[in-house]
Amino acid sequence: MVFTAPVLNYTLLSPILILLAGALIGVLVEAFVSKALRSITQLTLTIGTLVLSLAQVWKIRNAQSTTAAMGSVVIDGPAILLQASILIIAIISVFVIADTDHFTALAAALPGSDEERHAVQTGNQVTEVYPLTLFAISGMMLFPVSSDLITLFVALEMLSLPLYLMAGLSRRRRLASQEAALKYFLLGAFSSAFFLFGMAYLYGYSASVTFAGIRESVVGGSGNDVLLLIGIAFVSIGLLFKVGAVPFHAWSPDVYQGAPTPITGFMAAATKIAAFGAMLRIYYTVFANAQWSWSPLLSAIAVITMLFGSFVAIAQRDVKRMLAYSSIAHAGFLLAGVIALNKAGLDASIFYLFAYGVATVGAFAIVTLVRDSAGEVTDLNRWKGLGKRSPWVAATFAGFLLAFAGIPLTSGFIGKFSIFSAAYESGAKGVVIVGVLSSAIAAFFYIRVIVLMFFTDPVQDGTSVEIPSELTRIAIIFSIVVTIALGVYPAPLLDFITNLAIFIR
Amino acid sequence: MNELALQVGQTAAPEAMLFWILAPLTLAAALGMLLVKKAVHSAILMAFVMVALAIFYIAQGAPFLGIVQIVVYTGAVMMLFLFILMLVGVDSSDSLTETIRGLRPIAITAAVGFGGLLVSLLGRASIGRGAVGIEAANSEGNVEGIAQLLFSTFVWPFEVVSALLITAALGAMVLAHHHRIQERPTQRQLSIDRFRGDSLATAAGLPAPGVFARHNAVDVPALLPDGSPAPASVNASLKARGDVLDSSHFELGTVDTSVEEEK
Amino acid sequence: MTWLTLLMALPLAGSLAVAALPKTNEKLVKQTALATTLIVMAATIAMALGFQRDNVELQFVEKYSWIPFFGINYALGIDGLALVLILMSTILAPVVVLAGWNESHGGRWSVKTFYILILVLETMMIGVFAATDVFLFYVIFEAMLIPVYFLIGGYGTGERSAAAVKFLIYSLFGGLLMLASIIALYVMSGAQGGHTFDLAALSSLEMSSTTQDLLFLGFFIAFAIKAPLWPLHTWLPDAAESATPGTSVLLLGVLDKVGTFGMIRYCLTLFPEASKTFTPMILVLAVISIIYGAILAIGQRDLKRLIAFTSISHFGFITMGIFAMTSQGHSGATLYMFNHAFSTAALFLVGGWMISRRGSSTIADFGGLQRITPVMAWMFFLAGMSSLALPGLSSFVSEFLVLVGTFTRYPAHAVIATCGIVLAALYILIPVQKALHGPTTPGNENLSDLNLREKIAIAPVIAIIVVLGFYPSPLLKVINPAASHVIAQLGFNDPVPTNGSK
Amino acid sequence: MNAANYLYLSAMLFTIGAVGVVVRRNAIVVFMCIELMLNAANLSFVTFSRINGDLNGQVVAFFTMVVAACEVVVGLAIIVTIYRSRRSASVDDASLLKR
Amino acid sequence: MMSSHSLVYLIALPLAGAAILLLAGRRSDKWGHLLATGLSASSFFLGLYQLSLMLSRSNEQRPVGQKLFEWISVGTFNIDAGLMLDQLSICFVLLITGVGTLIHIYSISYMSHDPDRRRFFAFLNLFIAAMLLLVLGDSYLNLYVGWEGVGLASYLLIGFWNQKLAYATASKKAFVMNRIGDMGLSFAIMIAFATMGTVSFTGVKAAAEHTSTAALTAIGIMLLLAATGKSAQFPLQAWLGDAMAGPTPVSALIHAATMVTAGVYLITRSNFIFDAAPTAQLLVVIVGAITLMFGALIGTAKDDIKKALAASTMSQIGYMILGAGLGPVGYAFAIMHLLTHGFFKAGMFLGAGSVIHGMNDEVNIRKYGALRKFMPITFATFGFGYLAILGVPPFAGFYSKDMIIETAFNSGGIKGIILGSVTLLGAGITAFYMTRVMILTFTGTSRWDEEVHPYESPWLMWLPMAILAVGSVTSGYLLSHGNALVNWLSPLFESHGEHDEFLPPMVVSGLALAMVAIGVAIAFLKYSRSDVDAVAPSDVSIFTTIARQDLMQDRFNEAVFMRPGQLLTSVLVKTDEAIIDGAVRGVGRAAMGTGATLRGVQSGFVRSYAALILIGAVALIAAIWVVVQ
């Protein structure tokens, strides 16, 4: 047996490698930099890494390769777009995360213990959040570009593990936060077991673990369909879990609520991009020729997801939970883009993911600002009259909500329109109609929040709006500007996407 | 070649025997995991299942995996589980009565449905008849074959996994590691504090816990000469855990014999 | 010359100017807003003078690529119908600003915000009528809801937030149905020669009759909610009751017209066959609206609700005129849109002054105003007369055209609808009697009559009502070619007099 | 004997693991059940590897073990943390977040 | 048709008066009434000028027209704002402006104490303008404008003192009932346009020949409906009595001389339709007959002097309608009666106004008595009117009413006998109730209160009365002398074959006079011989009670239309709230409910979530299983 040294094509992997390097340096910083400097060093390092990585992505934007990392990674237009989206969202998320007030001073300390109090007083910070974030981001970057099952699985775990951890690091309501971590972890592991099991059957079906090999078998149609179907079903469970589609959604409201808000925003936005990115790649390339088998099931799930998310969101009293259900509904809309299985669907999905991600980070960033003496106030009843107290914050939040609701002149509308038209084009009319109807239902609760903020008198209960730190302010402003700009003049981005978004196989 | 074809299609008789003996045992152990009350018993059964799987791996031409399974999984991972079980309380036992209404019937129905459907589907799939057999792939040695793949085709995920390991380590650190936020007081400092403090009452050291003859243990405050309990004699963390017994039970004359001694 | 863009840009610029002003200088804010609206009005009239009225093609056409990815253009252009409605909007705007000089004071937010919203709304009002790209239309159609929502919820009275939400949800629901139809059109256009949203291109799409029917419904329900057609009307009384008079004027006078405008511009143009299929049903709904709205108006105790219900009746007339598919019905309906805006404006504005003076909108709380505030009472009376389509006032011409146009093709509908004129007499005269006549109700003795500002504000409205009653030709000459064009496009000819032989 | 028998075994083990997650309350046991599921998947991989006659399946199984090890570290850390806060390892006790 | 440029000024002058007075407001208080009167008078003189021009032309060239501007033009529906003055309209123009001017003059004094006199004159001018438009419009649609315009003016004038709720209600009632009639006119116009493609008088006249009888009948019936509304004919008669709420000059001008006769104008104007639609014509006759009896019967029981006169008006217009319904022969007689009635009824109303004025606004004739001595001029003018309405020769009514009775008899067969008898009987009853009014007001003993001091009206008031009285005396003779009016109008109407005379004219006159005599005699016996109670006796026959309540017309309307209408309204208001809006709110609540229910899925237990995932997996596997099977 002759061993040939692998050729990795590091240029194409460089965005991910940069992130990993940054994360490793971050770990070293934890070990060697003094406490006082750690926070600022980590932040600078993280942002620097992300920007560098983004620049690298931009540099390789026209690369087309299936052979990077010995065929484990495919770099093509959608890959670039998704990676860039993830990085942009990661950067603004990090701006919000940088406001360390959200994280526990000492994760190991018992909630309410002297040790914790002391840690808070001494200004201790869990700066490990930064490298963890970078690890998660590199997992997210890898997830949608993976082109074999092993890399896919490793990337899935790589993006999940840091998130499980970070979900438990909230400064306040720590029991809830830890509970969120536990739930996220158990269910995540549970679903990844399904994912793995599905992978096994895909392997059994095609005798290959690469996407290309599986695709060949699907196209050839010579294999054993039962294995393929089981494989598709179980792999889908894993992916649908990550995107929060019903009935695999149950973790998301609890985790969104319990996790530190900046993490929630980051997770809601970036994970969705990564997971949908992977999903798009798998369904558009690997399973495309087996559309007959998965399309009806996925349509059913999309429909249930949209309706469930919209209906349950109506009944929510907590802003984070409401946004969680809203994100479930959006997962349903995005599934319509997967079902579409055409070029328009791909373009639309990428646009939607980016637009939704930016708005989500912005919205959660605003949630971090509304506080009382005990921390963030997420009870919607206490958001009453926010418009009176701080009109700009309320107006910005309203802007995000309108974008979620898909009101014209916001990015949400263009996204919804493009994704529905793509789905309609592919014949999924039922999904489109349900989508439109559930948008109407969804509008109901977005508007309810706007009513609360603007048309209800404030209650004097100590709820106030924190003056945002500069970084948070930048994140919010960036988000709202992008949200509006993409609603008013999305042409450049759409053109960019459509020119680039072609999967190579 | 005929022989090879036969081998490929049908597992050899010794393997069949192994399977039919071990598989039911494995299943039983797995089921046992669900049915036993104590978590530690579950863990033991789990270890059994893992070892059994390792044997199956070896039987199926994956000796490397079989070994790794035993070393890494059974050896390391299960040990970790047991460690944690010890930490959480090795005695703790689960009540098996279901508290969430309707969950058990759902679970059982789902399980039967899931397993039944899966097995039935596999039955329809008629797999394994045209099996190729691992022998050819293992021709240069199982470990060599795997190494070949691992360090060429799958070198990227292999490298990336390292990041995963670091993440895990970092995560465990974050959650479990107590930073030394303040200087640990030296003996000297403690001594100075004791004597320079407001009161000299504790200058000679804190009273020792326990009530002689009745309950000489650290979870009972000592009785002062006047018969009242001395709270300072018990460790603060025991108090925080709520594990302190009331020393009045052990006062002479008022011995409450109904309190069962813990073994 | 890019007239239409200029028209849209002016109020937007005005709103920016207002935004730049200090919040405390309310007077300057108001003056700026008024000046802006007046300039827009002047510009509109200047544009209208250059309109070639015999040309049925779209005029003042502008087209810029907006989102080429979807084939979406920023495309504007107007025909007679759109011109008339834009004129209507821009004339009403300064009236509303002037008439509602103080109505922004009781609001949740500053006076400044109020006028920013109003000016932004004006931009959208112009845009929604001028758009010739279906997507652009939809965008403005939906986006318009937001300023109105805040105007109702922020500056209204009573259950304002509930009413605003009801309005918004109702409209959004309709809009989303329309979105579904638009998506379908877009997709079909892609299959038939390239994605586009161009109205003209979309109208030549080929589609099966079932598809056409469904898509038609998507559009029509949206418009029927907007124009409130029975039974989709219940948001309107609530909204009108809660909104300030000025907002109500814009809401009923302009925004709801988008519904009837849409029926002509989109339902009929895009789905001629389906329009024919559904005509019988729509006519029945229109007739029900006419009678139902009138009867409910009679039964109202609240002045604003009453006016709202009269509008439901009037929108029934407009819808009936549109779907009668005769040139009289069509021209009448278009003229009706214009006239209704002004008679309702007069009713709401004067009614609003009455209400703000009295501090109550219950009709029974008024009484004997004729003696105390004669000018105000007269204005209300005149507005009411216009609302009941008294010959000699503008509404008569349009209402009669609608009726006569309907009669030639659908006599039974016209006959039932005509009964509405008797009910109209009741719904106007009952409040007139209760509020203006009779002995002075305690609490009314010291109400003041209209001041100069109010007189100036209402004067043009009344003038338009009276002048157009006698001399509607200028408008009809603009409307007729567009209306006959639509009818001809649909393949309809006016029924030929039969001499009763049939 | 047919190699598919291993697949049946794997499917059953997977099912048992899945049910275990649902019925057991001790977080550690629940986690062990998940490990059982992963092991079941591994068995499938190995079996398929044999049926397909290549080693890729075995490589996947190897990766799974590594990944599972990482998961165990993180998982157990989380479980320990929550145990320390709540003095309970029952997953049912962690139900603050709901509805 | 010749065209004239000056027709518009007939209307424009009074319209300008109304506009000036209303817009100038209080500033014109001092001179407003003079301006209005002057404009009305100028309009009258313009009318005279037009008449003189018309007389100077030959029969065929007499009609003149004027196109002002294009009013409505859509497709084939082309309506010009056009005026037309022909032999028929000139009669009305002169009546309207002439009587109108007199009443303006009268009102100067009558309303002198009212602070809103200016407004009153503005309304009067408005009315004159609208009425002129009604009779001058050259198409049905133009007529319609005037038609509703007079309705508006009438509404404003009836409710002139609208601070009294009852008056306001009366005006509203008048407007609404008129609107029902207007609806008929709308229908007629629509049918005409749909069937003939035109709504101008000349156009419709030309097209009528080719139009089916059914269509013409429909138009005719609708026009009749319009006429019943405006002219207070059965079944839309109920508003007229209440309309007496307005100041008396209004009653004289609008509700006696001019507006209420618009129905007669309409039917006469549409002769080409009715001639070709016998069924519609028959209906016209029936309506006229019923109303003339209806009004007469009400008149017998009324104690309010104005209401008694109003009932009489109703009855007299019934005569006219009946006459107009008798076809070509009847049109001219209807118009003649209209003109004479215009004189004597206006005179009587002004007289009544004078009495009321002198009696401190007392309207109850039971509280009058012996006023002859205090108001001699009023007595005289009222008396001439009285004689005229009775049809005593040679007063005006004799000529006009006898003609109608005669024509009725001559219409042939049973119909003729019935109609003749009805008209005769009506004449008798008229004689009875008018005599009753006369006796109770002017003769006998005085029954008024202490503080009342009756006095004669000033000259500004009695002068118009006197002029009208002259008209009451002479107009009949002048108009019928040498068949002047009949010949004048004849070019407009279809020539008609001579009917067989059922009874010779002398016999008819004799019968009529006999009936009148009987009526007068009964009234004398009943009221002159015995003292009359100042308060209406309550122990009267059921017949009187019903007559006092206007033959239950209001009760009927209330029971049949108003109550059910109100019920319908309140039911619909509740339905809208509960069912339609309820459905909307229900959808909202259902969505909330669904959300709240589905929330239950999120139990907070991680094991339930795992179960959910498991269930999802089972569902997927089951789906695959189904597919594979």
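Per-chain residue numbering starts at 1, and chain names A, B, C, D and E are given in the order in which the chains are listed.
Methods note: contacts are C-beta pairs under 8 Å (C-beta built on N, C-alpha and C of every residue); 3 or more make two chains touch, one makes a residue touch a chain.
Quick caveat, the model's predicted, so the values are computed rather than measured.
A.B. asks: Return the chains common to the contact lists of chain A and chain C.
C.D. replies: E
A.B. asks: Any chance you could name the chains that touch chain A and chain E both?
C.D. replies: Correct list: B, C, D.
A.B. asks: Which interface, named by its two chains, has the most contact pairs?
C.D. replies: B-D
A.B. asks: Could you tell me which chain lies farthest from chain C when each chain's centre is the average position of its Cα atoms?
C.D. replies: Ranked by distance of C-alpha centres from chain C, the top chain is B.
A.B. asks: Most central chain by CA mean?
C.D. replies: That would be C.
A.B. asks: Measuring between mean CA coordinates, which chain is farthest from chain D?
C.D. replies: E
A.B. asks: Could you state the distance in Å from the CA-based centre of chain B to that of chain C?
C.D. replies: Between these chains, centre-to-centre, one finds 72 Å.
A.B. asks: Measuring centre to centre with CA averages, how many angstrom lie between chain A and chain D?
C.D. replies: The computed centroid separation for chain A versus chain D comes out at 25 Å.
A.B. asks: Where the centres are mean C-alpha positions, what is the separation of chain A from chain B, in Å?
C.D. replies: 32
A.B. asks: Please tell me the distance, in whole Å, between the geometric centres of chain C and chain E computed from their C-alpha atoms.
C.D. replies: Between these chains, centre-to-centre, one finds 37 Å.
A.B. asks: At least two other chains touched by the same residue of chain B: list those residues.
C.D. replies: 100, 103, 106-107, 110-111, 114, 118, 121-122, 124-127, 145, 154, 157, 161, 164, 167-168, 171, 175-176, in rising order.
A.B. asks: Any chance you could list the residues of chain C touching two or more other chains?
C.D. replies: 169
A.B. asks: Could you say which residues in chain E touch two or more other chains, in rising order?
C.D. replies: In chain E, 588, 599, 602-608, 610-611, 614-615, 617, 621, 624, 628 touch at least two other chains.
A.B. asks: Every touching chain pair, please?
C.D. replies: Pairwise, the chains that meet the contact rule are A-B, A-C, A-D, A-E, B-D, B-E, C-E, D-E.
A.B. asks: Mind listing the chain E positions that touch chain A in their complex?
C.D. replies: Going by the criterion above, the answer is residues 588, 591-592, 594-596, 598-599, 601-602, 604, 606, 608-610, 612-613, 615-617, 619-621, 623-624, 627-628.
A.B. asks: Which stretch or stretches of chain B touch chain E in the complex?
C.D. replies: 100, 103, 106-107, 110-111, 113-114, 117-118, 120-121, 124
A.B. asks: Okay, in this complex, where on chain D does chain E touch?
C.D. replies: 18-19, 21-23, 25, 30, 91-92, 94-99
A.B. asks: What residues on chain E touch chain B, complex-wise?
C.D. replies: 603, 605, 607-608, 611, 614-615, 617-618, 621-622, 624-625, 628
A.B. asks: Could you list, by residue number, the parts of chain E that touch chain C in their complex?
C.D. replies: Where chain E meets chain C, its residues are 22, 69-77, 81, 141, 144-145, 147-149, 152, 159, 162-165, 168-169, 172, 175-176, 179-180, 182-183, 186-187, 189-191, 193-198, 207, 210-216, 568-570, 572-573, 576, 580-581, 583-584, 588.
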